[in-house]
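Report on the following structure.
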Amino acid sequence: MRPHDYLKEFLEDIVLVELKNGKLLRGRMVSYDGHLNLILDDCSEISEDKEVRLGKVFIRGDSITMISPATPD
Amino acid sequence: MRPHDYLKEFLEDIVLVELKNGKLLRGRMVSYDGHLNLILDDCSEISEDKEVRLGKVFIRGDSITMISPATPD
Amino acid sequence: MRPHDYLKEFLEDIVLVELKNGKLLRGRMVSYDGHLNLILDDCSEISEDKEVRLGKVFIRGDSITMISPATPD
Amino acid sequence: MRPHDYLKEFLEDIVLVELKNGKLLRGRMVSYDGHLNLILDDCSEISEDKEVRLGKVFIRGDSITMISPATPD
Amino acid sequence: MRPHDYLKEFLEDIVLVELKNGKLLRGRMVSYDGHLNLILDDCSEISEDKEVRLGKVFIRGDSITMISPATPD
Amino acid sequence: MRPHDYLKEFLEDIVLVELKNGKLLRGRMVSYDGHLNLILDDCSEISEDKEVRLGKVFIRGDSITMISPATPD
Amino acid sequence: MRPHDYLKEFLEDIVLVELKNGKLLRGRMVSYDGHLNLILDDCSEISEDKEVRLGKVFIRGDSITMISPATPD
């Protein structure tokens, strides 16, 4: 199974997305493509002391460092 | 539905565009392409304490980190 | 109409070009191509407190963040 | 044997992955592709003084500087 | 006329070349190609307080932000 | 002889690899490819005051600035 | 004559190579290719106050800003 195949398992789950600029986003992953472009639904930008609601967000794939489930099991 | 298909839903809506250099733009999205190049109409650059009117703006796709609706519903 | 089609509307107009390094240029846009390479005529680099005349300038497209009219209507 | 062939030896092993932004991740490498995209299982981000559990993580290949075994033999 | 066609007008002229790292070079442009690689003859690196002679210089195109005539007419 | 042909001479030798992020690695070069991806065996990260053993390391080619023999002859 | 044709004139000459990270190397250029990958022989890294001998060095082309003769004539 290739790395991109694992993204399918993340679909509809709440994920954390870390961006190259250090920002952290949390939202429900509803779509992705081969460039790692993502749509996160109910997305928030989260930091130490606050959380900013963004709603539905398109994230450009080349801005992303890593994607992980919001609740490591 | 692929991420780029969701951009169609954003057309004619007021969106927030975050750039890789950290700047934040707000405007009505009137056009996009596969490289994520955008045209925002009535665009302003917004920051903590001010808002600078730019009018119609061409944004180079590779400068963009994410795009979200200005009013998360 | 695709984003690049809007650039045609900017031709012969005075535009502001913001570069990835944060610099701001103002000049008359006389030519562009699909890589967003530009020729600005009567171009100046503008900052808070001064304006440096550069004359005719070739700008490499991948240095550009955004292009907007100098006078938002 | 080409460099990518050596990655096969790392499969199912605990590896350290250093990112271009300086972060260090440790986890079990369960998948990789030709772009160096990785899936690390039981992944943690480790730093001088703490370790943050992330669970299963997709790492974008172009964020990576190097990959090495967690226990140099 | 495309942007690259204007470079032909700069040939044999003294030009200023601004690099992405902020450095400024001045020299006679004797050759260029489609990647914007340049040869500057009698080239100097110029800064506020000094000028360092470099002679004939090959400049890698992807290091360049912009090219303009040394004497805006 | 092209630059990549010289890499063959470095095979099985102890080399220094300087990364774009400024780090310096030393190890025995056992494999390379056309993207400059490398496998260094018995690799250590070396700095002014210490040396950290990493073992066998995969280095992503686009992270590399230069490769030189550990013992300039 | 295209910029890359001028590199042939630099062959076997002592050149200065400036890297994107600001470092300066000096050595005899014995090989280059279309990506601007270089082999410098008897190469040293030079700075204000010291010179570090590196021997034969492979320099990755995309790390390079410019190449010039060590002795501007």
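Chains: A, B, C, D, E, F and G, in written order; residue numbering restarts at 1 for each.
As a working rule, a contact is a pair of C-beta atoms (placed from the backbone, for glycine too) under 8 Å apart; a residue touches a chain by one contact, two chains touch by 3 or more.
Remember, it's a predicted structure, so these values are computed and weren't measured experimentally.
Asker: What's the overlap between the neighbours of chain B and those of chain D?
Answerer: A
Asker: Would you kindly tell me how far, in whole Å, the mean C-alpha position of chain G lies from that of chain E?
Answerer: 19
Asker: From the mean C-alpha coordinate of chain B to that of chain G, what's the distance rounded to whole Å?
Answerer: 42
Asker: I'd like the Å distance between the centres of chain B and chain E, where a centre is the mean of that chain's Cα atoms.
Answerer: Inter-chain centre distance comes to 34 Å.
Asker: Got the chain B residues that touch at least 2 other chains?
Answerer: 20, 62
Asker: Mind sorting the chains in ring order for me, with chain A at the start and chain D directly after?
Answerer: The cyclic sequence of chains is A, D, F, G, E, C, B, beginning at chain A and stepping to chain D.
Asker: Considering only the defined contacts, which chain D positions touch chain F in the complex?
Answerer: Residues of chain D touching chain F: 1-7, 9-10, 16, 20, 22, 36, 61-62, 64-69, 71-73.
Asker: Would you mind writing out the residues of chain C in touch with chain E in their complex?
Answerer: 19-21, 23, 25, 31-33, 37-39, 43, 53-60, 62-63
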